[in-house]
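Just passing along the structure, written as structure tokens.
All chains are identified by letter, namely A, B and C, in their written order; residue positions are counted from 1 within each chain.
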Amino acid sequence: MNRTRALLKKIAWSAFTVLFVIILNFFLFRILPGDPARAGIRDPRLKKEAVEMLRVRFGLDKPVINCFESLNPIKVGSCAVNPLDTQFFIYTRNLFQGELGISYHTNRPVADILAERLWNTVLLIGAGQILSIIIGVVFGIFAAWKARTSVDYSAVIASLLVWSLPTFWLAILLLFWGSNNGLPLAGKSTPGSSSLPLIQQWVDIARHMLLPTLTYTIVYMGEYTLIMRSSLMDVLSEDYILTAKAKGLSTFQILKDHALKNAMLPLVTVIAINLGFTVAGAIQIEAVFSWPGLGGAIVEALGRRDFPVLQGAFLLIAVTVIFANLLADLTYSYLDPRVKVD
Amino acid sequence: MNSSEPKQQWLIRLQSFWQTFSKNRIGLVGLAMLALLILMAIFAPLIAPYTSSSSAEFQVGDIYNPPSASHWFGTDDAGQDIFSNFVFGARISLIVGFFAAFISIIIGGVLGLVAGFLGGRWENLLMRFTDTMLVIPDLPLMVVIIALTKPSLLNIIFVIGLLGWTTTARVVRSQTLAVKSRKFVLRARAVGAGNAHIISRHILPLVMPILVVQAVLVVSLAILNESALSFLGLGDPTVLSWGQMLNYAFGRGAMSIGAWWALFFPGFGIVWVVLGLTLLGQGLEQVLNPRLDTHHLMPGRPTVRKDRVEAQTKFTKETVLEVQNLSINYINEGKPPARAVENVSFTLNAGELIGLVGESGCGKTTLMLSLLRLLPSAGQIVDGRVFFNGEDLTTISDEELNKIRWKEISIVFQGAMNALNPVRTVGDQIAEAITRHMPDFPKDKIQARVIELLDLVGIAADHREHFPHQYSGGMRQRAMIAMALACNPQVIIADEPTTALDVMIQAQILELLDSLRKKLGLAIIFVTHDLGVVAEICDKVLVMYGGVTAEYAEVDTIYNEPRHPYTQELIKAFPDLTKPKKKLTSIPGYPPRLDNLPVGCRFAPRCPAVFARCQTEQPILHNLGNSHIASCHLVEASK
Amino acid sequence: MSKDAFLEVNGLKKYFDATGRPGLFSRDTRHVHAVDGVDFTLRHSEVLALVGESGCGKSTLALLLMGLEKPTAGTIHFEGRDITHISEHERKDVRRKIQMIFQDPYESLNPTQSIEEIVNEPLMVHGLGADKKERDERVKKAMEDSGLKPADVYLNRFPHELSGGQRQRVVIAAALVLEPEILLADEPVSMLDVSIRAEIINLLAELRISRQIAVIFITHDLGSVGFFADRVAVMYLGRIVEIGTMLDVLEKPRHPYTKALISVIPVPNPRLRHERIILQGETPNPIDLPTGCRFHPRCPVAIATCKASDPPFVILSKTHKAACLLLVK
């Protein structure tokens, strides 16, 4: 019963964080000087009909919140007047209807643009994370097991080196090498490949994914190696490992039945905390390889000053990370019997 | 001149820190890398062959020329010398890194300190806020904010600084919490110290080392963030940071032209700085917060032997375990080995209980661990034999040894808090012993056996589904005994099983061990520093001091006719409520360091009966008849 | 309140909420009854041993006496003054006179402070010592009185350079430097080797005479306090069950718990192996108190009425009383 309560509490906090992000997102874009709504209305690229539609849809002539002045000073609302007749409320309502605005650049709904791209990013991050976790865990185990030997020292130095590489630079170097070796330079698939049979389409995507995933894996495997190593070393110096040894269990049995599960728990926490940072890596990788994901959307929107897309992408990324974090948190408390109810 | 000025104390501390740090290779390399770069940045105008000003003006060569004598790093898309830009670019990266990190550290440090120290609602609030900010992805948020404002250097510094404090806050908070609950803080409060005093004198000095290591990490992250932002086009267009250089190169066709130099060198600079900082951070971490770098699964050292002829003990058919002249060293890199155990012998017969007595650091635990070759990686058996049923345990193979471990000889460790795996149930761990050594044991009967064992030690059956942290201290100890009995061993080694337990629980455990011994015919080795416990249940006693046998005899002899001065003093120091007039004595001084042993008798510095010979010649083990052995020169005279 | 009493404790109670926060209700099953009605007095230069196992409340009692926890009920009088609920400011003077020594010599000292800083700290907190010279002198005197002679050798050392016994002496010096009148020693020798315990106990005995300090010696092992104590109070589940002079309690124990405790004290003579009364089980959780006499579930001689009624104190002599129904004649 206590576990259910803790579970609900965690979910509630995640929901609160999402709300916080929504509010943050809204205010960033409406309050900061580079205010897009104001700019948007005057953006020469927008057709007149689009401007009107924007005005109505997003209530850009209404007060931001009742106590702030309206952006287009047609009417100044007071705090007492209808609180639902504000930009903030309209924004939130639109949000929950899946409405994220209209792109300045393409005039398409932001939600549609991002929906396509979300999965591409998930694919990239997913593949990269899984690989880097596997490699990190394996290297970390060996490094800890063979502590203070050359295996250990080289694993540590290599991990530190790899951790120090800026993601985008590694991407550039790999792209450079790849372009001289016949690998595709940009995008997710070769233009025109959609007419090919499914298998060949997948092979094509895999070839495009190779370098970006490789970049991702290299950048993060160092960190996971180090964490796994230090976690396993801590576990292996605990008294119960000596008890296991005294029981006559072989090294392999001890690692399998006593050490690994305990050592992996801190890794789960780190992976969770890391999720926010791995997005940073994704943005850089997608920028260099022109991978059509959310990160790429952000970079393109930056270049074109396409603020609705920027705003929508940020929100989507943040919500995804929060959700992933919640999953990791729940996994941890499920795995560790010592976790006391808060 | 007694107490030093505060300034001098600081100097002393700094000196001792440097002494330790300078031995850490990783840290030194990192420091050197960083120092080199900082010097380069400071002396940029002197080093750069072409002074760089703002981007478009100065063209000193053709665009995208490969490295040459006049342009060590080649030229970029605007014809500028990349090396000069590189050298000046260092300044930007370092400035942004340090200033942004400074902001983050201040915010994170203060937040963490306040949250940890105040606790309660404040802590909750602050940590929730921190966790919320932690979950929100950094770079996208930075991108959004800078895109909406102005990409100036100052702005970038602020944005990176204001978003980079979350990990620091968490780390500082947990350290503050840890320090706050330590006894010396309670002592300060008991004296009447106020919050300000406690924070400044106790909390801060212990949080500082963590904060320093964290600071190095934050600087490196800030530099990485700045370069990423610049690469994405959000850098300050009026200055040329390394990230900015890469942005221009990448965006202006360096790839298609094949101008690898424009892409390689600026990135290399970033790697150099960040790697230097990372190595420095690792070094600092190892010095300021040292962690163990050994563990129980590291390979042990092979037994060596040099034959010695010493006093022989009696040896009967009932002997289960015979330890002969066992000597164990701990190997220390670059220093003489610590002679932890030297020439110790004893015999254990079936059903016998031998007490192994000595102060902390006398080598008794080392001796116990060595019997089953469980010594840490620095330990090595350097002489002697351990006979078990005719086999010498010191030299048999690992596979053979693993069959004997637990099945024939098992161990109950001290302070069973962590001696049992906290994430597996107790019943599971007992069952593991059974399945390991008795693979033919019928699977469906294992649970019944586990229940039987727990019952033997007085634990209810349903507790087998519980985890160790759900057991009390006394219960855990009893569970360990149950586990030790799982395979019906011949010998149980109990290493200080009652230390740290209340007197009544101690009595329960002792009674349990004694009754098990009688019921099952077990032989037990009982290691302790408590003479009273030994008198209650032991048949024989081995008194150790400084790694050697001081005296070895039947229990009655030890207590009523001790011959070694250490034994005598030890008995005198033990409170005896049956003798109200007895004045409590103690043994002045403290036990010798095993890596710095005195020449001659190890007890000489503290012995009340010491004379000249004791300080030059180590006494041999004298046999006084009736299995009584004592190592003292005084004994020789009266044999 | 008696004239002689230096420190007087009446009906002292401390309840914690089951999650650790202080609570108010009695016999409420959701509260931890750490201390549940304790009375005793302490005279000048007297040594009182407070004996009991984990869970009996002795450490909580120490914290209450030190003003580090606020009592749920009851009063504490010191030198005739009620100090139970005084403000922190007023308490500062009391803090100077009542000092505490903790169990773990390894944890009681801040590893980043030198010995001199540690012993000097209390003087700084109280603003004592007119100038540096006087403070230095007081520090040295306290150290030498604690057996750290010559003081100069130890001043600039750090805790990790000292042995367990030496560290405990530093803790004592830091307590002595304020010239206290009461020393609360919470298991001061439990973590030291047997051969060193006597040193510390003898030191306390000496200080009691030379400086006229009263000592409250808290321990779970009656044997370790030996004959140092003048009086002994035995605690169980938050209450004192027997109190008397040392000889009263050791030679004529009357409460079944006291008898059991004494019977398990190890005797260093194998010829004197005797029958020990070993209680089964462990001290119950102070949240769910047994009905009637708290000790009845583990008592080897409990009778039917023990389950129903809480025994009052039975006066056995002018100095000796115990709370057991079997003593009621």
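List of remarks:
As a convention for this text, contacts are C-beta pairs under 8 Å (C-beta built on N, C-alpha and C of every residue); 3 or more make two chains touch, one makes a residue touch a chain.
Since this is a predicted model, take the numbers as computed values, not measurements.
Contact topology of the protein chains: linear, an open path with no closing contact. Here A-B and B-C were compared by C-beta pairs in contact; the pair with more is A-B.
Once the centre of each chain is set as its mean CA position, subunit A and subunit C turn out to be 57 Å apart.
Measuring from the averaged C-alpha position of subunit A to that of subunit B gives a distance of 35 Å.
Inter-chain spacing, taken between the CA centroids of subunit B and subunit C, is 33 Å.
The residues of subunit B lying in touch with subunit C in their complex are 2-4, 9, 12, 182-184, 186-194, 197, 201-202, 205-206, 359-360, 458, 472, 474-475, 502-508, 511, 529-533, 535-536, 538, 555-556, 559-560, 569-571, 573-578, 580, 584-588, 590.
The touching residues of subunit C, counted against subunit B in their complex, run 53-54, 66, 68, 91-92, 95-96, 99-100, 102, 104, 107-110, 112-114, 116, 120-122, 124-126, 132, 136, 139-140, 151-152, 155-156, 163, 165, 171, 174, 178, 193-199, 201-202, 220-224, 226-227, 250, 260-262, 264-273, 276, 278-280, 282.
The touching residues of subunit A, when paired with subunit B in their complex, are 13, 16-17, 20-21, 24-25, 28-29, 32-36, 144-145, 147-148, 160-161, 163-169, 172-173, 175-176, 179, 230, 233-234, 236-251, 253-255, 257-259, 261-262, 273, 275-277, 279-280, 283-284, 287-288, 298-299, 302-303, 307, 310-311, 313-314, 317-318, 321-322, 325, 336-338. For subunit B in complex with subunit A, the residues that touch the partner chain are 128, 132, 134-141, 143-145, 147-150, 167, 220, 224-225, 227-228, 231-234, 243, 246, 250, 255, 260, 263-264, 267, 270-271, 274-275, 278-279, 282, 291-298, 372, 374, 401-407, 410-411, 413, 415, 417-424, 432-433, 436-437, 467, 469.
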